[in-house]
Amino acid sequence: MIKKLALAAVVLGALSGAAVAETVVRIGLAEDPDVLDPTLARTYVGRLVFASLCDKLFDIDEKQNIVPQLALGHETSADGKTVTLKLRPGLKFHDGEALDAEAVKFSLERHLTMPGSFRKAEISSVEKIDAVDPTTVKLSLKNPFAPLIAQLADRAGMIVSPKAAKEAGDKFGLKPVCAGPFKFVERVQQDRIVLERFADYWNKDNVFVDRVVFRPISESTVRLANLKSGSLELIERALATDIKDIKSDAKLRLATQIEMGYQGITLNVGNSDNGKNGPFGKDPRVQQALEAAIDRDALNQVVYNGEALPGNQWVSPNNAYYQQKFALPKRDVAKAKQLLKDAGVATPVVVDFLVPNGPDTRQLAEVVQAMAAEAGFDMKIRVTEFATSLNEAEAGRYHAYLLSWSGRVDPDGNVFSFMSCTGPNNYAKYCSPEMDAALAAARIASAPAERKAAYETVAQMALAGGGIIYLYHRPVIIAHTVKLSGYKQLPDGLVRLTGVKVQQ
Amino acid sequence: MTALETPHSEIDDTSDTPTRRAWRRLRRRKSAMLGLVIVAALVAVALLAPWIAPFDPAKQSYTMVRKAPSALNWFGTDESGRDLFSRVVFGARASLLAGLVSIAIALGLGMPIGLLSAYRGGWTDTIVSRITDAMLAVPFLILAIALAAFLGPSLSNAMIAIGVTSMPIFIRLTRGQVMAVKVEDYVEAARAVGNPAYRIAFRHILPNIMPALLVQATLSIAMAIIAEASLSFLGLGQQPPAPSWGSMLNSAQRFLTQAPWMAIYPGLAIFLTVLSFNLLGDGLRDALDPKER
Amino acid sequence: MIAFLARRLLQIIPTLILVSVIIFLLQQLLPGDPATVLAGEERDPEVIAQIRQQYRLDQPLPVQYVYWIKGVLSGNLGESMRLKEPVARLVAQKFPVTLQLALMAIVISLSIGVTAGVVSAIYKNTAIDYTVNLLALWGISTPNFWLGILLISLFSVQLGWLPASGYVSPFEDFWLSLKTTIMPAFVLGNSFAAVLMRHTRSAMLQAMAADYVRTARAKGLSERVVVIKHAMRNALTPVVTLGALELGTLLSGAVLTEQVFSIPGFGKLIVDSVFNRDYAVVQGVTLVTATTYILLNLFADVAYVLINPRLRG
């Protein structure tokens, strides 16, 4: 009897729950995010959660233009060394504290000084931060730095509650307090992250979702199955090969964009003796030969069902900074063979091809291997687990390394760290004073035309033998149920729920 | 009464060795012979792969990506347009090697250690048992990943890793079996008669523990084939473009709805292999069992 | 019996010390630097050096070991580099999940495996025996992740009967918890059922041919009594051992299954931590599973002795 009553209560509870249901959006993530502290965070998937949790000073739009978010605008002085930010008035954090100039100063200083901060390098050009008045922040720079505002449109621009951050110290990520459209409720590692609507959000009139639940589900097939069975409302990183399937399902909708990052092959031109004496270190024409041997369109068809955008530079052909002058070449096996001959290397050119293990990297590597073989390369694939591959690449124990980059808003973020002599991501150990000068010039110049001119030199040198062959820009593929309306996809791949409505 | 029925009492029977008798009994079992035939056929396929496969297993064709089975491609094609039948045929090499070699390593190391441990007892037993316990206590996959990552990614290293990691179960099983057999009447009797230790171990104990070890070995071969698949999945097994059934299943996973054949045929191949080893192992167990008449 | 128990309990200490050493050596075997992996795309050399220092990665291994063991002995398992959470809290979060899954899998495999094993031994070499054998073979030769995805596409996508993945605690919602765990538990239990079935069958055949069973038959006892009271009692000894061993394995080894069904348990935690080189978590979780495993072993040994008193001594 008691059992029956209890059961009835449960059923009733479920029914009444449905009647006054809050609107929930459950999102399937491809990985479990790392720590939810903007200063210490470092993964792409973590940014997906931050998009709902922590607002930034600036944001981007569909064309990658910088638009206001917490800040209304900015002004750069003529010498480029002072940047003044104007904040929205009356902003509040999730804990009710005021988000004013002092709070912005605190957050930026936290990024700059906290031990283990991954933001420091991004805004290290900032020397001093002053809160002029409650809505005005003045940044004094060591030197002009064009990518700064773009950095403030990413994690470096996320503002955290000073009160909560001081209390929690480096444990802040366990219970983050920010100023985004949703506030933190709970997190069970590897199971779920729950957020709920923030009543005092500055743009609350455009938030129609009560609760957001993020669930990490690593298998893409299972992620899609969950979406189809109705236990999720949205999934990120659906497979290109599933696009047809998603389109044919009347209950599902697709949102795609071309990513800001790229898929490339890093070539060891000068990392350790293995690199210097390796095929690509000896003569830059070997890199040109390998590039000529690759058919990017075929690669795109086979690996991405034609959904990716082939490219040969660090930004996609859609980007304003893409150098049309060096537009995408067609595959040319004869030219590749000739280049190898000119370089005077013995064929077949044996290449130790390091491939980090992933769902599609193996296939991509096999296709590249087959294409390169026709031009006289013998690419020996070595699939290793990701952590090991980083180690091998750093030590220079490779000739070619299949590596992708998730992309940054400013073109500088996609190239500087890879091609400047001391760049931390320069696995190829490519180094040229001329390249360094061009990269620095693009950082200092503030006018887009001037920057683009500087990047022309970069593109020319990169293509001639910069140690990276850019292959294509992958599609960002988001699938959601028809219950969601008003969803818009931006090229950064993040999920923004502002403006999204849920139909019950 | 018991002693009369155990093999050691049949020393007068010189023409009929236990091996020959076992073979005769094995031949009588249809299912065991079927298993043997399939295993032999699989080994033949692996050896003769270049002559059996109609295509080069690494030959890609971008116009033939993920095509359903047809008269040309009997098992269909994979994500890079390669002929699946040819890949399954060549994949037999990696998977059979992974299963057989790693379990041979595990059995070859585990059985003598277990035998020694149980038979000598005392400190030897204590040390072996503690190390075995400790190894068994550390998760299999973690041990295998660490070993394979340390040795470097390749099929042979994966086999060593699986072999070493599966060894403790054989030590433990051998030891447990020997402990149980040691106190049986016929062993006590043999000892009382004054047989030397090695003779008791090989003549009286080993034949009695073989059935359990063989059952475990046949099952472990299956596990080893699947373990090789898991290691391939993590990038620590067979290196592409050479195929193994495990890595084929793993790449098929992404295309389950669009290209189910990519998963079905390598899966069937694994099934067939495991089935045949089990049938054979089963027959062997009965044939070797001295109590079985 | 008490002396036996005391001896076995004492044996646990050297085993645990060995385990802790093995775990530490594993860490040394794994290529890749935790600080570099942690940094990911954000490769600031200064920060990487700082992380190394903060987590004592720049110190010699024995020194690191002493620090860790000191912490463990005072009840502190350390902190996750990746998540900044105490390892003890992670363990407390995941243990019930994995335990529930493992227990359900064991129940499923015991009920299928032992029943099938006994039945096929009794009906040796008949059609029933062959059918049961074939079913067991099917279970063991199907890779777990493959079976998992097949089940998901059938029961979740096609039929919509069960949730495709995730986990709900039984204290939150009992039925939903059962629904989310039944598929992964079946996948896990299914392959082990085959192992149990084969061992049960093998042991039953041996037992039924043994003298005491023959004696029992000769005494005119009914076949039912002979099978249950005499043969099974002896045959199940190795099965009990295997069951306990398997429970230990399941606590840490349900890796691929937990991955496919996105179950936030130990297996997934360990593998994610290995790939991220989050050593404190790998060490902490492995130590906990190893201890549980060793205790289960003890239990199996005690059961062994209880069933087979001749071994006592």
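Read from first to last, the chains carry the letters A, B and C; within each, the first residue is number 1.
In the analysis below, contacts are C-beta pairs under 8 Å (C-beta built on N, C-alpha and C of every residue); 3 or more make two chains touch, one makes a residue touch a chain.
Note that the structure is a prediction, hence the values are computed from the model and not measured.
The chain closest to the protein's centre is C, with centres computed as averages of CA atoms.
Here A-B and B-C are compared, and the pair linked by more C-beta contacts is B-C. Of all chains, the one whose CA centroid is most distant from that of chain C is A.
One inter-chain figure worth recording: chain A and chain C are separated by 38 Å, centre to centre, where each centre is the mean of the chain's CA atoms.
Put simply, the C-alpha centre of chain A and that of chain B have 45 angstrom between them. Centre to centre, using the average C-alpha position, chain B and chain C are separated by 21 Å. Residues of chain C in contact with at least two other chains: 30-31, 149, 153. The set of chain A residues touching two or more other chains comprises 219, 221, 385, 388. The residues of chain B that reach two or more other chains are 145, 149, 253, 256-257, listed in rising order. Touching chain B in their complex are the following residues of chain C: 11, 14-15, 18-19, 22-23, 26, 29-31, 130, 133, 137-138, 140-146, 149, 153, 194-195, 198-199, 202, 205-206, 209-211, 238, 241, 245, 248-249, 252-253, 255-256, 267, 270-271, 274, 282, 286, 289-291, 293-294, 297, 308, 310-311.
On chain A, the positions that touch chain C within their shared complex are 32, 34-35, 37, 40, 42-44, 115-118, 120-121, 170-171, 173-174, 188-191, 215-219, 221-222, 225-226, 228-231, 385-388, 390-392, 394, 405-406, 417, 424-425. Of all the residues in chain A, the ones that touch chain B in their complex are 219-221, 239, 241-242, 244-245, 298, 301-302, 355-357, 359-360, 362-363, 365-367, 369-370, 381-385, 388.
Here chain B touches chain C in the complex through residues 1-2, 31, 126, 129-131, 133-143, 145-147, 149-150, 176, 179-180, 183, 211-212, 215, 219, 222, 226, 229-230, 246, 249, 253, 256-257, 263, 267, 270-271, 273-275, 278, 282, 285, 289, 291-292, going by the rule given at the top. By the touch criterion stated above, chain C contacts chain A in their complex at residues 30-33, 36-47, 50-51, 54, 82-85, 90, 93-94, 149, 152-153, 156-157, 160, 163-167, 259-262, 264, 268-269, 272, 275-277.
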